[in-house]
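Down below are the structures I want you to see.
Both complexes below contain chain A, partnered by chain B and then by chain C.
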Partner chain A sequence: MKMKPIAKIYTALIMLFLFAPIAILLVFSFNEAKSLSVFSGGSLYWYKELLHDTETLDAVRNTLILAISASLISTVMGTAAAVGIFRLRNKVLRTSLDTVTNIPMINPDIITGISLMLMFVFVGRLFGAATSLNFGTMLIAHITFCLPYVILQVLPKLQQMDRALPEAAMDLGCTPLKAFIKVEIPEIMPGVITGLIMAFTLSLDDFVISYFTSGNGFETLPIRIYNMTKKTVTPKMYALSTIIFFVILALLIMTNLMDNPTYAETRRNERRAGRNKADADGFVASATSGTVGGRDVPPVGSARAKFRRRIALAIGGVLAVGMIIILVVAAPQTPVLNVYNWGEYISDGSEGSFDTIKGFEAWYKEKYGSEVEVNYTTFASNEDMYAKISSGAVSYDVIIPSDYMIARMAQEGMLLELDYDNIPNYSHIGESFRGLYYDPDNRYSVPYTYSFVGVIWDANQVDEEDTGDWDLLWNEKYAGNILQFNNSRDAFATAQFKLGLDVNSQDPETWRRALAELKKQSPLVKSYVMDEVYNMMESGEAAAVPYYAGDYFTMLDAQAESVDLRFYLPERSNYFIDAMCIPTCCQHKDIAEAFINYMLEEEPAIANAEYICYGCPNDLVYENEDYAEEMGEEAMEILYPDLDTFAERYNSFAFRNLDSDMLDLVNTLWEELKIN
Partner chain B sequence: MRKIIELKNISKAFDGETVLDNISLDIYDNEFLTLLGPSGCGKTTTLRIIAGFEQPDEGSVLFLGEDIASLPPHKRNVNTVFQRYALFPHLNVYENVAFPLRVKKEDDAEIHQKVSEMLKLVALAGFEKRSVTSLSGGQQQRVAIARALVGRPKVLLLDEPLAALDLKLRKDMQQELKNIQKATGITFVFVTHDQEEALSMSDTVVVMSEGKIQQIGTPIDIYNEPKNAFVADFIGESNIVNGIMLEDRKVRFSGHVFDCVDAGFGKNEAVDVVVRPEDVDIVPEEKGMLKGEVSSVTFLGVYYEIIVDIAGFKWMIQTTDFVDVGEKIGLYIEPDAIHIMHKSQYSGMFGDYSSFSNEFDELSDAEVEVEE
Partner chain C sequence: MTKKKDGLTLVRRLALAPYSAWALLFIVVPLFFVAYYAFTDNSFHFTFSNITRFFTATSEVSGNGGVTKEVHTYLVIFFRSLKLAVISTIICLAAGYPMAYLLSRASDRTQKILITLIMIPMWMNFLIRTYAWMTILQDTGILNSLLRSIGLGPVHVIGTETAVVIGMVYDYFPYMILPIYSVMAKMDLKLLEAARDLGCNSFQVLRRVIFPLSLPGVISGITMVLIPSISTFYISQKLGNGKFYLIGDAIEGQYVANNLHFAAAIAFILMVILLVCMAFMQRFANSKASVQ
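Now for the complex of A and B:
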């Protein structure tokens, strides 16, 4: 078929549109630097990093365990179901069953996810289980949504099959079972394999349903990546995504091979071939099939059949062996400590760092003489974590929420009081970090990190004399180069601090004044940003931005040559603390306290402080000379500003929970700003 | 001769609809038996009951004297050639034929020898490695036959195996099937709706209609001495008229008293009289036993087929003499050309050619039987 020029361009555009994102992902997975905007030379660095990231590899392993078990089980069940539906003599029953099995496919994922979670929790409560969500529930959920796809693939193959085939086999001496195995299975095999591969890929990348039905110690890759948004997604993930893309591509090609002409289709293709010589197949399909237009099928046909059977065997074999290995590797018998933390919020052994989790397991064994296994999972926001725990469906032993969330959870009775006899290292927590507003009597929490908002500026664009306070962000000299938070509370706070107002005010007037100030600023603002801030600052696209201190160091590492980023902390600014707590659903309080205690030991504490780049309230850390040297003078000055007055400033400037009326007001005002 | 299969008083209904109504049939060793009848007459169901795919509602199936009604298909020493062959598309020619032997776990050397022998018998030597989907209809047919015969069943069941082939191929295959049957000495039970096929191949023909056996006999018996109007009409062309048996060897029909060769009927019994179109001679009008006017003439190559109107009843006559439409002619019928039958439920339904059309007849012949 000859294509007209316009058709050619159109096709090229569509291809570009489809594949450009993947190409960019692929290229940047080989980027030497961390930056997304600058490609600074090819390297396999991120692939190596990926290999050392045990948490991510665990998530990959979990995802594979789940995808393999779910796809195998749903394939067996789905094939059996398809055969059952096919053999029903009652036509009404058959059609209605067919329709009913399709419902999970049409149903939005989110509804499937929520309904499954509800059911699991309900059934769990019925049997008095403390935690009703676990690997099993996730597996059931995945089987549920994979099943219809398998049936959808297998049923047409059965319908295409000559109904006399199984009879012929029985006539020639097969028992009904043997006839099914020797004749029907080979006939429907392409459908079964396609179904298996579809189920596998569906399960592999499912996020929504997994999110609602996942239990505590079992984090799949999509959930882990989602939870990484507290910090940026590292290029490791590009590397991982690239690998996954190619694995899926390979599976897709195999699917196309499997799905190629069976008996009936070959004949249909032959007929079609006469009419339409150049059947525009998908590019994968046409690369792998060879039948279109080919009348001379015999040798090709049998060779392909053999090839197909080999592939089927190979896939089946790989999945089965994988399953066995995973089953042997998985299956812990030791007590499991479930730790629930922000994404990328612990030194995890990647990039040559210290592996805190492994360190704890070894330390615990040495100290208490028994094994413990840590199940480390992550969340993306305080609200996500709160929702998960208050659903009552999961159980965690240690959680690390932010200050205002600790206050709320303590008030709602969701936290256990700590036994500080089990946490002797609490003595290393500086005086400034005790008795803060969220936990005034030090009953529920041990601070883990703290940070604050400051102003990040590019010394190549901003004059130093303009810096030091919030006025920089309103300075017309830098019109069009200023960035602002795309998050109502933080954005309002910059205006409130500038005007000397209370960021936790209950007075609507205060908020209106802040809004007026923000409106004044908005003509100068290039854009309202969150995660985009990294690339814009690193590449010099913007000159100044209010942002979190810890993230400044991340930008510093990746800044372009023409950029010279600096940081300062205005006198009045927002401070926040994340602290370790034990929720009431805890199953091993003594081990949880041992874990908190271990996190305060010198080695893990320093490792975590270096990894996270936030301030650390532990005197073993901030008084350690090696740590100071490692971080550098500038970082030490920024991260540890005058600790004596910390508590005072913290208690006056830290965000507190606003009641819902105030939150509504803030959101309304925020929308007003954004609309203009 | 030894009886291989005996069907005794078999009845079968699907969803309340009677398909077989009290059928009894003996099948003998080394016999080529054909079940002949129109669509829906129950012939395929009979075959499926012998194969074991259907259970009779009533009656018993004996195999060499043993009741096998409850025996599943794979335990019966009976194999089937299916209407659309039912070859296994995922296996090549060799493996299709070897299939029953592999199921029995025979050793490779033996399988190889038997399969080669079979493929030679059906003239497919050299096709071993071919994919069955690449074969022509006739070749697929042969593979199906080879596959069904390789296990040396006592009985081979063939369900309209030639229906999907074109006419010339069908003729060749008929001959070949007959030869294979003779060469192997296996009993063939053959299902067809094509009377010509039935007559040319069979030792015994079983004519069925509406779930009942109408007549069992050799092709010659069936043709010459049909038992009722259905059989007379279904097998070949027949003029069937109402008659009165005046006494032995004297029958009156169409207003004339004829001599005939039949006897043993009641005095003045009402009967059906069959006269085959080729047995009627045309004579000048005044010499005829019956007189009529030619209403149509069709030239069919070897002979003319003419329709003659005799007192409102249309007769078909096949003759080599030419007559013109509208011509008045006389008919002459020899005593042994007249066949007398008892009245039956089919009386009056067949044998009048007033609505006859060749095309119509072929249409109903071509209908492929679908039961279940």
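Now for the complex of A and C:
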């Protein structure tokens, strides 16, 4: 049947809707600047970057390992299960199996993720395992949510099959197993293949379930992207998506070409048999397809079955070989150092920078004569990191939390004391950064970076006379153009500083007053942001935002022509230090200390300082002239404000750890703000 | 002969064993852990407080004209999530049903191409896709640049309910089309002809024959859109400008605040509500089907 014009227009509109974002990411992957909202000229820069970004490529590899293993295992197990379920005569058993199979599909993924996480953590604790969340748990989780989809693809194929077929085969002398392999399997192959592809797709794209069940150095691509929320998602990720897009397109075109010779013939066969058209294409199983498929007439053209079987074998073979290669390559022969850091928080060789991680591995080999492999993973927030470590389900050797979290972890006995004999480079840490409240005796931590929160504003939208303090963010003149942190502690702090309140108050009333102030601000706020801030400020979407000082320069580099970004530091503002620590779950303390020591060497420290663009507490960096030149005068002035009085201001304005009742209160108040 | 059949049965029993064990261990047991955490406090003593907190916690919100009023925090969050999810599902259904119908009636070649096109976006990472929507919908974004170039005023979309709904519709749209399509494609065309021969006009054919027959696909489409959109937390964070705190955000927020027991309680309540709804829908579908 030919489509009518109106149907054509309608279809075109739907396709436009589906492909608009894809087109956007294709275009922006060729952006010259580090912006996802301002296009400043075409270049292949981000593709080059991607090829040098070993961490992201590792994440891609991990994602593939997981998706391949999960889809293969769930396809085998699910197909077997479908065969069993199909012939199950026991009504009660059948109904209960059907119900259980439906659970992962009608349960939101967040619940599946949480339920598995709770179980893994609980069982892990019971057995006193050092790490209960790892590749294995993620694999289990992925297999679990893929299984029902496989089963629901295979079941209808079994129902379509002529029940007499396997019996006939056995009458002709086949053993049951042989009858199953020779007769039943080819019949249900289309369903098995669709199931496999579906499982692979679902596993590849899953974020939520992985988010809750991931741990110990196994980071997939979606998690890596999510953890970029403190820094920014770069066009590099768009470049990666573009590559993925074209690979998929090529694969699809290839399978179509392969399919074509037999295609017309099979179609004819189908029509003759009065078969439905769609089963081969029916990608998504309807949850109820079991009840739908029953009416169909079975026989599949034998040429087609053979062809399908060959394709299936080819796909299966490629996947299996791929998995074996990956597993062999991935099997760790050398000690692995697990490092857990903020997203985008280390110089990793991208944008022509020095690769600190590779640098460490080479340095370690030269110095100690043995190999070590760094497994680097990222987190999105201190609380996120704490949740993982305190679950007792992961094992990291080096972590880089912020000050107040260090205080909390030290207090809860979650950190190991450092042996400074192994960290001689500690001597480069400036006096101002020692003996601070969170680690008064310098027992647990070595400062990594520090910075503070200031206000970034667009001089083309904001009058200079309105700037200087926190009032700008409450100024009604800029209603609808103000941004605020989408993170409770930082957002509350802006209100507390404005009102002259203590950001570490133990008095609920103080927090309620800050909440009232935030509620007053809320009608003026355009958006509560974290990493979205880059897009919005660069494109002139908003006029002012409180954010971390160093990130201002990232935005400055990518700002649109109509935007003129400036920065100021209010009188009272939050200062923070992120420092390297060794948690009690550490497996290689000596290597961890060597890593910390190496990070204080001049070359990696400068590379990190330039990459992260925050202040560096290392004198070797601060006093290095090349570094100062590279950063520029403005940056040096903003990033390193008056070091003499740093400790004093730090002690008055830094976040302290709040006890769990206070944290619960802050969280509750934050929710109250958010439902307004 | 019967021995062989027994052998076959045995093979099938064995085939089922690994899955049964797996389903018990990793589908059923974890749900009990959700319940266990939901009904215990931090030291694992039995308590109802997590559950009652969900239903009784209140917040002050400013209503119209600066009057503040008390509302139930989590109930407000839940109904807001439900509302957005229902709107998204309705839009998906309204836009997806005709699409699925057209698809099932198109030529084989067209069907194949269109299905492939609909599926391609599903292969792109959904975080990245959502990010791309930000670039489109921003006040200074692509959409407004386009509108300006044809002389239309700027529209403010990002940070509104509309933006969140667009994100949800976009991400889950294929999950509505595909099940409906697969049911429609299997529909026996003779039934439609028969209806026409018996004097039905096109609308009547649609209402009395096509729609009832496609109901199973519709139900599973609704399920596959409603469930993920009610529990999402990324879309609302990115496209809602952080202003739409949904039930998924609440669960994630409690998890990050290391409040596992309350997170489990919210998850538990959500799960119970959804299971009850789904059971009703299934029953409705079954009764319709048996009328046929």
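Note that the second predicted complex is superposed on the first by the 461 of 676 C-alpha atoms of A that agree within 3 Å, B and C clash if a C-alpha of one lies under 4 Å from a C-alpha of the other, contacts with A are read in each partner's own complex, and residues count from 1 in each chain.
Everything below uses one rule, namely that a residue touches a chain if its C-beta (ideal position, glycine included) is under 8 Å from a C-beta of that chain, and two chains touch if they have at least 3 such contacts.
None of the values given here were measured: they were computed from a predicted structure.
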Of the partners chain B and chain C, which touch A:497 in the superposed model: first, second, both, neither?
neither
Answer with first, second, both or neither: which of chain B and chain C does A:21 touch in the superposed model?
second
Quick check for you: in the superposed arrangement, does A:186 touch first (chain B), second (chain C), both or neither?
first
First (chain B), second (chain C), both or neither touched by A:364
neither
In the overlay, answer first, second, both or neither for which of chain B and chain C A:528 touches.
second
Taking the superposition as given, does A:426 touch the first partner, chain B, the second, chain C, both, or neither?
neither
If touched residues of chain A are counted for chain B and for chain C, the larger one:
C
Would you check which partner chain A:165 touches, where first means chain B only, second means chain C only, and both and neither mean what they say?
first
Contact-wise, after the overlay, does A:175 reach chain B, chain C, both or neither (first, second, both, neither)?
both
Would you check which partner chain A:100 touches, where first means chain B only, second means chain C only, and both and neither mean what they say?
second
Contacts of chain A common to chain B and chain C in the A-superposed view 167, 170-171, 175-176, 179, 267
Listed in rising order, the residues of chain B that touch chain A in the complex are 51-53, 72-74, 78-80, 82-84, 86-90, 92, 99-100, 103-104, 129-131, 133-134, 147-148, 151
Can you list the residues on chain A that touch chain B in the complex?
162, 164-165, 167-176, 178-179, 182-183, 186-187, 189, 262-263, 266-267, 297-298, 301-302, 305, 309
